[in-house]
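In the two complexes below, chain A is the common chain; its partner is chain B in one and chain C in the other.
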Partner chain A sequence: MKLLQGKAGWALLIALALVFPYMVSNTYFLSVMTQSYIFAIAALGLNLITGYTGQFNLAHGGFMAIGAYAVGLLTTDYQWGFWTAFAAAGAICGVIGYLVGVISLRMTGHVFSIFTLCVGYIIYLLIEKWEDVTHGAVGVMGIPSPTGFGGLEFESAKGQYYLVLAFLILGAYIMHRIVHSLLGRSFVAVRNSEALAEALGIPLARTKRLAFVLSVIYAGLAGGLYAGVVRFLGPDLAATHHTFELVMFMLVGGIGTILGPILGSILVPWLTQSLQFLQDYRMVVFGPVLILLLIFVPNGIVGTILHRRARRAAAQREQAQAASAPAAASSTPNGARHA
Partner chain B sequence: MLEIRGLTKRFGGLTAVNNVTAKFEAGHINAIIGPNGAGKTTFFNLIAGTHAPSSGQIIVKGEDVTGMRADQIARLGVARTFQATNLFDQASVLDNLIVGHRLRTRSGLWDVIMHTPLLKREEKLCREKAEEALEFVGLKRVAHRLAGDITQEERKRVAFALALATEPDLLLLDEPAGGVNPEETVGLAELIRKLVDHGKTVCLIEHKMDMIMSLADKIIVLNYGEKIAEGTPAEIRSNPLVIDAYLGAEHAEA
Partner chain C sequence: MDLFFQQLLNGLTIGGVYSLVALGLTLVYGILHVPNFAHGALYMAGAFVAFYFMESLGLNYWLAMLGSAAVVAVLSMLAERLVFHPLRNAPPLHDMIAAIGILLFLEAGAQAIWGADFHRMQSPYGNLVEIFGLTTVGQRLLIIAGAVVLVAVLHLFLTRTTTGLTIIAMAQNRDGAALVGIDATRVTLLVFAISGALAAVAAVLYSPINLVYPAMGHLVITKAFVIIILGGMGSFPGAIVGGLIIGLAEAFGGFYFSTDYKDLIAFVLLVVILSVRPQGLFSKGAH
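This part shows the complex of A and B:
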């Protein structure tokens, strides 16, 4: 268990991810994993606004679609290079996110969720109906793979796997920086209590907007990678059920943790895949499993582990403190310290 | 320190605070009392900027803050506590307090991503301020306990510590001793006294009359949003209007 903590744990996970392509025989598993990583990047973003800042955004899948379509359309209809289009996807999502955020973040709680659900649906409708720009239901075909550089190629399944993995690691690292900083503490303060955060001098509107913009940039870049890897886009990508899948990844893995959404994005598709043999009955199994998980592991897998560890660490530090200050410890009964 | 002029707040047809004028001197303990629904918390919400007043003026340290946002007012040195404090229960008490000093820092997204020296310095500063505040309220021993595992009284003290970490001059305390037992109430009263000894000005809402009468330098009584009396504890105790509206006969004789 010690092995899985902190830097060592992350190093181990990264090492596993690095050798994964050499452990599986067929490229199908590789491409499933690559897509899981792409959704993990989007889920990381959703987790910032929802898990850390407490605003349940249901337009996240829509933003992922915007990023994907930005790359898809710019590279095919306008002959942009992949990487310029990819950067543009992030920027476009950031700008649209800012505008949506200005309006939607004035609302709180359920109203915000319902509003963003509608925003997500509007994005879907725009993509499906605005045929002149998006090709409507026909979708976007022939999107080029990410251009290689420095001797690397991203056309093979293996190349794409490592590319997406690199982005996932970078994304997780930056997210780690954000949430463990003073800025992240401001986000968490907003989640705990908006009234208290404001009383502590945290500008609510600005803080929530920043979290929202950052989160949809993650969605946009994930979408951009999706376009480059899958190379075909349909309006279905913007459908609401994709957002709810991201929500599910986040909840199962552990909301408000970094590893949680990543783990959820890998485990949930794997679970649904392995239930495939049940055909139409698989949801009958999957549904109850999900409900049981939410009842008995409400903080998600990673959240529950972290909570337990935090409690143990707190007890240890208190004990150490009591031992180093025997005068103060004398008032504490011995039994209580060992409990 | 704080001056209120003709402060009024209407919610639709309901006038929650009606034309209240008051002055709070620096270094004093001021109490606001009154029956439930008298507009005490709304009064605090107006001073702290949570709600904008319908009319009237709020002057903090000579500066007109009427209509400012809550976070701006907090930065001017007005801190407040709530009847219930929402903490992040799965983090340690100290962890919960670090954000308290955030308003005195300026590192942004760039500093966070690049991990600049400014950010490191400010994170250290915030941690020190949190430890200081925790020590002040006498909770150093629970610094590493999870916030979800502390007692109600400790929670009240953590709320004080959070407010203190913002480096305020004026503290608005909403029922600081609500829901704690009599001995603990005495301890919290001592803490409030200590705040004033350290140069803070305190303004509190409380229902525990024994505590108020021994603690407050000045009491303001609200009833149906209006100020019906103002004065020292002795004056308030003998004021027939206050006895009628709030205190009842038992406290009048004491």
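This part shows the complex of A and C:
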């Protein structure tokens, strides 16, 4: 069990992901996995603003759609190269995210969530109705796949799989660096108590805005990859149920952890795929499953494991303390529990 | 000028529907502080249940409305007991996601039973009537009258009866209400039942001039959220005034600007108003 923690665990996961294309013969599974990774990148971003900073943003799917449409429209209607369009997608999302953040982050709690839900709706309706620019309900077709470089190609299912995997690993690594930096700690401080964070000298509005912009850039880049891999876009991508799906991934895997959203993004689609035989009844089963998970596994898979491990470590420490210094142990058992 | 009054009438119609849905939402928010995303699915369920009563059991419009209100009230209470109650100590995020779970369940359920098709609900008041020189469908007048009557009855119930006062007491202060002997469980169930019944009645009133389909609740519920934010979360008069504002804005905006962007108006209005007044239109202090 010890071997699976920390760097070794991540190395094992990456190794598994690297050999995955050689373990499955079916390109369908490969493309399902590729899409899971794309949503995992978006879920990582959502986790930054919701899991670490405590602001429940319901426009995240909308920002993913903005990124996807930026790539789709720039490459088809304006003949940009894929990678310049991809960079533009991140930048556009960052700018729009900043503007939305300035207004929406003045609200807190439920009001913020509902406000961003409305922002998501505005994005959806604009994409659907603004036909001159977005092609409306017809959608964007014939988006080129990412152009290859340095002898790599991203036309085949395998090439795209590795491309998206590389972005996911990079995204997870950057996220790891962010949340373990001073900045990440100020995000967590804002989540835990806004008043306390402000008293510690953390600029509340600026910190929240930064978390919001970073998180939607993740969404925008994930959307850009989505456009390059799926190569067709419809307004449906901005619909609220995509946001709800991302939230679900994050929650099932474990909110406020880095592995959680990734794991959720891979497991939940597999679960819904395996419920395929139920067809129309799929969501009839999935809705209650989600509620049961919330009631009985509120911290998600990764969160539950971490909790259990922390509790065990605390108990062991207490035992060790009791054994080595029986007299002192009775006065400090509470200290260990905070770990 | 006739066209102006025509739009006014349309605005009042749709505003009445929005107000009823928003009232149910704001009542639940006042008691539990949960934004019930499943409320739109209850609205949809109300329309389908009434549709089923009318088409398959041959009940008349009013009996179907009563039956659907009862069924949805029970559904709403079940949601409280089975989902929100076990989650009462969980962080707020979990309530919201659980509500989404209920929404997925109800929508998929309706789709599995009745299919994804659009259905038309018949109403005995589909004929044209003339009033003050305006020609309109009788159903529209019925919606306005229905909304006014329901709001009045609900207002009297909340302010003049002991049971109604227990709801207000609990919305004001949960612990205080428990201290004076108010049964929190009973009041919460009652509020969920009222909220579900209001959604069902609103849906049955509006369906004959709209259509019945599994996704019919999406826009209505999102606009109802806009309304209760504008009116102040948990505020009773705020929900009514907010509903009318959004209804009229949509009717006039759709007519004078563009019908394509009609659904955007509510959301843009929200963004503009909250940019200027982050605390909402009617609440005095900041949240």
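Please note the rule applied: the second predicted complex is superposed on the first by the 312 of 339 C-alpha atoms of A that agree within 3 Å, B and C clash if a C-alpha of one lies under 4 Å from a C-alpha of the other, contacts with A are read in each partner's own complex, and residues count from 1 in each chain.
Just so it is clear, a contact is a pair of C-beta atoms (placed from the backbone, for glycine too) under 8 Å apart; a residue touches a chain by one contact, two chains touch by 3 or more.
Everything numeric in this text was worked out from a predicted model, so none of it was measured.
When the two complexes are overlaid on their common chain A, residue A:83 makes contact with neither chain B nor chain C. In the superposition on chain A, A:56 makes contact with chain C only, while chain B stays out of contact range. Within the superposed three-chain model, A:10 lies out of touch with both chain B and chain C [touch as defined at top]. By the touch criterion stated above, A:20 is placed in contact with neither chain B nor chain C. Of the two partner chains, chain B is the only one touched by A:318; chain C is not.
Residue contacts after overlaying the shared chain place A:129 against chain C, while chain B stays out of touching range.
Only residues 29, 33, 35, 82-83, 86-87, 90, 92-94, 96-98, 100-109, 111-112, 218-219, 222, 225-226, 229, 233, 260-261, 263-264, 267-268, 270-271, 274-275, 278, 280, 287 of chain C touch chain A when the two sit together in their complex.
Against chain B, in their complex, chain A makes its touches with residues 174, 177-178, 181-186, 188-189, 191-193, 195-196, 198-204, 210, 214, 299, 306-307, 310-311, 313-314, 317-318, 321, 328. Chain A meets chain C in the complex at residues 50, 56, 103, 106-111, 113-115, 117-119, 121-122, 125-126, 129, 240, 244, 247-248, 251, 255, 280-284, 286-288, 290-291, 294-295, 298. Residues of chain B touching chain A in their complex: 48, 50, 69-71, 74-75, 79-80, 82, 85-88, 90-92, 98-100, 102-103, 105, 107-109, 111-113, 115, 119, 122-123, 126, 141-146, 149, 162-163, 166.
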